[in-house]
Amino acid sequence: MNEIMRSTVGRTLSQGIRDGRRDLLSYRPVELKTGISANAEGSAHVKIGTTEVFVGVKLAVERPYPDTPNKGMLAVNTELLPLSSPEFETGPPAILAIELSRVVDRGIRESGYLDMDKLNITPGEESWSIFIDICTLNSDGNLFDAAALGALVALRDAKFPKREGKKLNYKEHKGKLPLKEMPISVTVLKIGSHLLVDPDREEEEVYDARLTVAVLPDGNLCALQKGGDAPLSFDDIERMVSIAQDKSKELRKLVESVR
Amino acid sequence: MEQGSFDNRGPRRFGGPRGPRRFGGPRRDGPGYGGPRRDGPRYGGPRDGPRDGPREERQEYPEERPQEQPEELPPEGPPENAAPPLVKEREVVVPGQELCIGLDYLPSSGTYRLNDKILASLYGLVQFRGRLVSIIPLSGRYHPVQGDVVVGKVSDILISGWRLEINSAYSAVLGIVNTVGYIRKGEDLTRYFKIGDYIVTKIINVTSQNLIDVTMKGPGLRKLTGGRIVTVVPSKVPRLIGKGGSMVDEIQKATQCEIVVGQNGAVWLQGQPESELLAVEVIRKIQAESHLSGLSQRVTDYLKERGATPAPEVTP
Amino acid sequence: MSYKTRVDGRALDQTRDIEAKAGVIGRADGSAYFKIGNTVAYAAVYGPRNLHPRFMQDPTKGILRCHYNMMPFSGSGDRVRPGPSRRSKEISLVMEKALLPVLSLGDFPNAVVDVFVEFPQTDAGSRCAGISAASIALADAGLAMKDLVPAVSVGRVEDKILVDLNYAEESYEGEVADIPMAMIPNTGEITLLQMDGKVSKEMLLDALRMGKDALLRIHKVQQEALKAKYRGGGDE
């Protein structure tokens, strides 16, 4: 572990101030934009401070899975682009990319945000298949929340391509996706005895444990993911969930304000 | 096409010879900037046993300070009868841009001649010194030069030393023979420096294949504990140091932070957490505005505005 | 047959609208954004840095590696499968060859300069946009270069010679030739030249001449992007 960084982060946190003069429970400025790719059915550009991700949604019509013949399909994929960080390399997805994809997937799937029943066209024959691709542009801390926000904004932006017989006309779009209750993911980190949100890169390098909590509009939870090497106490979990519930309200407003 | 060959280049690297024609900043033969010369346990050798590095004599920073070198070249301005240059002094230019025409001018670092023209080969600020035309780069990694003090981060433990990342294309090696004190053969080297530790070192050799040797033998060279690291673009280090160290001194006084500036752009600072943040902010400001004139005044104003302790009179 | 007016109403020698910006990716050593019509490229440069594995190193000079990649949602039509394809590998290769002649990597034996070019949105001309973006990013990274390298496609649709074909023109039913080209403006030398389609030698040379003028205009945009980064108050 990097001693200098650990001591720095620890001392700064005990003073309740962080780089950029924010407190432990403040996000860096969050900016959400849609329509960054005309060829995607929906797309989003998320900035959290200096971290930036692009998210695109593509639709296709495919045969539903045999065990869910009446439902649509969802796949979430993350590309940790080597353009976005000196630490990312070309090649097959790193474990972080896989974890990120699965955490975003779980939040959307378990909340029922995407109405899978309405994505079926003909039972057992044809269903809409929704691909969410998350591409990092500048990796500077808190990719988890940036990716989750991007997925929501891109889904809200997405429209169905026009069906012409068996083929899809990707030039013409009509109708928004069937969306229900939106899950907002907040990742809370534990460093020493401190709990904080929206880690920057230095903080991410020295954290002990993290908990990503997906929160529904009524405050209930629909997905969790604990990460990091250190264990969490019951008390930690209670506090982290409360922080996530609280912060999710701000983020929800922000996502809902995006046209 | 043959890669990496330009006509009209001297034998040196592209950055050109490191001579007095470099940036207006101080010479690079100083120990880096070690902060106010208060004597105390924050300086020099280890405090608590071998964990902090090899035993060494407490080092004090030398009294003499790197001084602004007088220009050895003819006074500024183009030679007589020469066609006026196509760009202004300190203008931002880009690779391939024409700077001046005619044989009255000579290409220096960051420029090359194409027929009767001198063109930029780097993105940076133009500098005319007599007949010489050069570019002060605005970006780029650190080019290791013998004698430079650099702040390195331990990235690997070798059989008889440590590998350090120094924000360059190449890593440096600190051999146990170049540390202070005695380390027995076969000893666990992580007892001295662990991966992730930062060390102030001096470059003692750079080979043609860019193998870099550094040493800890010398004043101010040591392992850094506590504090924080910020990195700046190496070409902006002279602006951060300031004329005769004036800029870094001002920041140290105003923020009460101790600061070590490596020529490789790694800057270590230590003080109260709040002051450290202020120092980081002002260093970032210097990096962002280094190409503009009136930098010192703006830094002074900024420090005042952010409520830093007013800097006491500077005694030269 | 004659191609009377272009699908988007441009003059024959007119490129689509171009926007460029230097320094858009904070973590990179150098970076750029280059948009031409609906084709958007982001380029990031990392290096010179250590090259692994060792057998790829060149003890006499640094090497340049380009990595062309379309984001999965960037293409019109179906989703693009992530990861390298034969197409993206070949484009990466010709991008390297287009940029190498202006670079001086002799000071960096055994090291590598990596250029990553990503496209969130494409509408033909992506390799050219990629080269134009990459050369801004290389300059932004502080690498020594003889010149910036602008790139554009030229070609023919039926009897007309034109610059910067968009996707609708590339896929026009009839005689079409698409000729991506890149140039070192200071010397007029060509560093990228490919073609698919059919042309006569005369048409080819006419097209290259028309392309040259367009490239000089793109070159201005590239220079301006770099200069704009250090304009104004400096609060980047």
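The first chain written gets the first letter, and so on, giving A, B and C; residue counts start at 1 in each chain.
One rule holds in what follows: contacts are C-beta pairs under 8 Å (C-beta built on N, C-alpha and C of every residue); 3 or more make two chains touch, one makes a residue touch a chain.
All values derive from a computational prediction rather than experimental measurement.
S.K.: Centre to centre, using CA atoms, which chain is the farthest one from chain B?
M.R.: A
S.K.: Could you tell me which pair, A-B or B-C, is linked by more C-beta pairs in contact?
M.R.: B-C
S.K.: Can you check how far apart chain A and chain C are, centre to centre, with Cα atoms defining each centre and the answer in Å?
M.R.: Those two chain centres are 32 Å apart.
S.K.: Counting only Cα atoms for the centres, state how far chain B is from chain C in Å.
M.R.: Measuring from centre to centre gives 34 Å for this pair.
S.K.: For chain A and chain B, let me know how many angstrom lie between their CA-based centres, rounded off.
M.R.: Using C-alpha averages as centres, the distance is 40 Å.
S.K.: Touching two or more other chains, which residues of chain C qualify?
M.R.: Residues 49 of chain C each touch two or more of the other chains.
S.K.: Can you list the residues of chain A that touch 2 or more other chains?
M.R.: none
S.K.: Mind pulling up the chain B residues that touch chain A in the complex?
M.R.: Checking each residue of chain B against chain A gives 194, 196-198, 224-229, 268, 273-274, 276-277, 280.
S.K.: Provide the residue numbers of chain B that touch chain C in the complex, in ascending order.
M.R.: Listed in rising order, the residues are 1, 3-6, 9, 13-15, 92, 94-97, 110, 112, 114, 119, 121-124, 137-141, 143, 169-171, 208-210, 233, 235, 288-289, 291-292.
S.K.: Could you pull out which chain A residues touch chain C in their complex?
M.R.: The touching residues are 36-41, 43, 50, 52, 54, 56-58, 60, 77, 79, 81-86, 90, 92, 131, 133, 135, 137-140, 170-171.
S.K.: Write out the stretch or stretches of chain C touching chain B in their complex.
M.R.: Interface residues on chain C, with respect to chain B: 29-30, 47-50, 59-64, 100-111, 139-148, 184-187, 222-223, 226-227, 230-231, 233-236.
S.K.: Using the touch definition from the top, list the residues of chain A that touch chain B in their complex.
M.R.: 1-5, 7-8, 11-12, 14-15, 17, 19, 21
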